[in-house]
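Both complexes below contain subunit A, partnered by subunit B and then by subunit C.
Presenting the complex of A and B:
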C-alpha cells in the first residue's frame, strides 16, 4: 500500500475501512479498561471498621462539661454502668451550650447511639427529650486517677465520625470534615497506636483540663506524636496534652 | 469546517465517539458501585456518599489521564488520530464527572455543620504550611475550575473569539489541572489507602501520561537547519506523495512542505482552527487536510476552499541542485505561492 492509499481519518467523512477495526478495538478496550480499573479500585478499598449508628439509647448519669461534654453512666439498659459516653448534637455540632451549668449534675440523656469498639457516643435528641437535669442532691462525680506523663503516637480524630457517624471517619481524606466537626464542638479523641492502661482512645484536653480544639487542628488526621498527662475520669481516659510537643511523624 | 456557528455539528463519527464515551463512563461508575464495592472485604460498608465521591473522583482522574494520552499517541502512531477529533467532548464529559465528585464531597464532608459549606470548604483546613495535611481540596478546586473554564470555552465560537494562539494557550492549562489532580489525590486519598492497588493504577496512569509526552517530544524536530533567507528541505522524492515534511524554522515556528503528485508547496504547520499539525495531515483533492478536524487549505495559497474563509501563511519554495529550499520568511496568510512543478517520472 502506498502512503497515498494508507487510511486517513477525516472527521466529517466516513471512517476509512482500514481504521474501522482498529477504532472498534480502541473503543472496546477503553470500555473494558475503565470497567476493569473501576472494579479493582472499588474492590480494594480499605475497611472503615465496625463503627456505626446502632439505634436509640437512653441513660442516666453524671454530666462532665469539661474539657468536652461527656456522661458517666449510672443507670442504663443500653450502656454498662460506669462507662462514659461522648455527647454530641446533630450533625457537626457539640452540646457545650446545652451542657453549660450542668457540670456535675445528674442528667437523663436520650439519642442515637454511635459505637465502635470501646468508644461510645450519643447524639442527643433535641430539647429536654435529649438532655434533662434530674433533681437529686449530693452527686459524687467519679474519682480522677492520674496515670502519669506519657509520650503517645496516634491520630487525632473527631470523636463522633471516628465512633461511626461516618465510614471511614478518620484519615487525611476526612481531615477537613473532622476539623469542621471539632470547630463545631465535637469532642476530639486520640486514637493511639498502643494501648495505655488497657485503652487506645483518649479524650483530649488542654494542659489546664479545658478544651484544646484550636491547638490541634493542624494535626488532625495525621500520624502524630505528643506528650501529656493521662488521667482516668471514671470510664473515660483523658489526655491533657502539651501542645508544644505535638509533631507529625513522617 | 464551518462557515457559521451551531451548538454541535453532529455527524456519525461524533455520535459514535460520544456514545462510546458515555458507555465507558457509565461502565466505570456502575462496575465501581455495583460490582467492585460489594466485593470489597469490609466489616461494614463505606458510606454511600463517600463511595460515590470515590467512584466519580477516580473516574474523572482516569478519564483525564486517557485524554492527555491521546495527543502524544496520535503523534507517535497516526492510527490514533481519530481519537483527537472529538476530544473536546471527552473533556466536557470529564468536567461533568469531576463536578459530580465535588458535589458529593460538598454535600457530605461539608454538610451538617453550622458553617456554610462554601465557607467551610475554604476554611475548615488551612494547614497550607505543611505537606502532610495540606488542604488538598484546594488543589481539587483549582483543577475543577480549570476544567470548567476549558469545557465552557471548548466551542469554536470561543476559538474564533479569542484567536487560536490565546485559545490554545488557555487550553494548555489542562496540564496545570492534571498536576493539581495528581497532587490532590497524592496528598489526600492516597495517604489513607493501605491497599497498594489504587496507588499502583494511579502511578501507572500518571507515568503513562508523562512517558508518552516525553516520547512524542523526542520524536518531534526542533532544531532549525539554518538561519539565512533560504534553508534546504529535502530532495523532492524524499517527501511521500500526499504527505509533508515538517521543518522547524528560525523564527521558532514550523513549516510543512507537501508533495501532491508533481506539485510541491509549503504552508505553515499550524492549522488556523486549533493550531493542529497540518504537516501530519494529507493532501486530498489538492487541499492540505488537517489531521485533527479535517480543516482544508489549498496548497497554492493556503486558503480554505469557498465558502470557508480560514487562511494560513504560505512559504516560497525553490529548487537548487535537486534540493528543495524554503524561504525562511513566511508570506501573509492566504498569499499565493506557486507550487514547484516536479517531473514525476524523474523523482519517484
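Presenting the complex of A and C:
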C-alpha cells in the first residue's frame, strides 16, 4: 500500500473505512482504562464514615461557653438527655459572639443537626430562632469530673467538618479547610486512636480551660501525640492540652 | 476588610476582567489575530477558561499584533532549545514528587494506646 492510499485520521473529517476497527478499539480501550483508573482511585480511598447533616433539630439545655460553646441537653425530642452538642454557626463560623453572656444559662437552640457516631453538632439558625435564652430558674450545670493526665495520639479536626459537614472532614488534604474553620471559631476536637472513659472524641481546651485555637493550627490534620488533663463535662470529654507536648508522629 | 476578603475581591476582579477580555477576544479579536480562525466557532468556547486566566498575556499579544509589532513567522519557529529539557524535567519530576509524597507521608502505626500519666485529682477540677 503506497503512502497515498494509506488511511489517514483527521478529527473533523469522515472516518476512513480502513481505520474503523482500529479507532473503535482505541476508544473502547481508553474507556475501559479510564474506568479502571477511576475504580482503583475510588477503591483505595479511606472510608469517609457515616457523618452527615441529618435534618433540623431542636433542644433545650445549659449552655457552656468555654472553651467553645457547647450545649448540655436537658430536654429534646432529637437528642438524648445529658448528651452534649458542639454549637456552630453557618459556614466556617463559630457562635462565640452569640454565646457570650449566656454561659451557664438555660437556652433553647435550633438548627441543622450533624452527627457522626458519638459526636454531635448543631449548626444554629440565625438570630433568636437559633439560640435564645429562656426565662427559667437556673439549673446547675453538670459537674466537671477529672479523669487524670494522659498522653494521647490522634488527629486534631474541626468539630463541624469531622462530625459530617464534610466527607471526609479529616486528613492532610483537609488541613487548610480545618484551619479556616478553627480560625473562624468552630470547636476543635481530638479524634484519638484509643478510648479514654469510653470516648475517642475530645473537645480541646487550653491549659487554663479557655480556647486553644492559635496554638494548634500547625498540628491540625496530622497524626500527633499530646499530653493533657482529661475531664468530663457532662456528656462531653474535654482535653486541656499542654501545647508544649504537641508533636507530630513521624 | 480583612486580608482574606481583600485577596478574594482581587481574585474576583481579575477573573471578571478576564471574562470581558476573553469574550471580546474570542468573539471578535481572534479573527484579527489568526486568519485561520475566521468562520470557525466551535473551538472558541474551549479557549474561554484559559483566556480568562491569562487575559493580560492575551491582551498584550493581541496589542502587539494590532500594532504590527508581532513577528508573523513566530508561530512557525521551532521550539526553543530549552523546551525539550524542561519537558523532560516535568516528565520525571511529576512522578518523583508524587511517589516521594507517598513515601514521606505519615504511615502509622495508627493504633497507639493512650497512656495515663497521672491519676484523677479528686475535687481539684470541680468548678
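Note that in this section the second predicted complex is superposed on the first by the 214 of 250 C-alpha atoms of A that agree within 3 Å, B and C clash if a C-alpha of one lies under 4 Å from a C-alpha of the other, contacts with A are read in each partner's own complex, and residues count from 1 in each chain.
Definition applied: a contact is a pair of C-beta atoms (placed from the backbone, for glycine too) under 8 Å apart; a residue touches a chain by one contact, two chains touch by 3 or more.
Note that this is a predicted model, so its numbers are computed, not measured.
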item: Touched partner set for A:222, first subunit B, second subunit C, both or neither; value: both
item: First, second, both or neither for A:196, with subunit B first and subunit C second; value: second
item: Touched partner set for A:172, first subunit B, second subunit C, both or neither; value: both
item: Which of subunit B and subunit C A:90 touches, first, second, both or neither; value: first
item: First (subunit B), second (subunit C), both or neither touched by A:139; value: neither
item: First, second, both or neither for A:44, with subunit B first and subunit C second; value: first
item: Touched partner set for A:34, first subunit B, second subunit C, both or neither; value: first
item: Subunit B and subunit C contact sites that coincide on subunit A, given as residue numbers; value: 172, 222, 248, 250
item: Contact footprint of subunit C on subunit A as seen in their complex; value: 143-153, 172, 192-196, 222-223, 225, 227, 229, 231, 248-250
item: Subunit B-facing residues of subunit A, complex; value: 2-4, 7-15, 19, 22-23, 26-27, 30-31, 34-35, 37-52, 90-93, 166-168, 171-177, 179-181, 183-184, 217-222, 248, 250
item: Subunit C residues touching subunit A - in the complex, by the definition given at the top; value: 105-106, 108, 110-122, 124-127
item: Footprint of subunit A on subunit B - complex, ascending; value: 1, 9, 11-14, 16, 20, 23-25, 27-29, 31-33, 35-37, 39-47, 50-51, 54-55, 58-59, 62-63, 66, 78-83, 85-86, 108-115, 120-121, 124-125, 127, 130, 132-133, 135-137, 187-189, 191-195, 197-198, 201, 240-243, 281-282, 284, 289, 291, 293-294
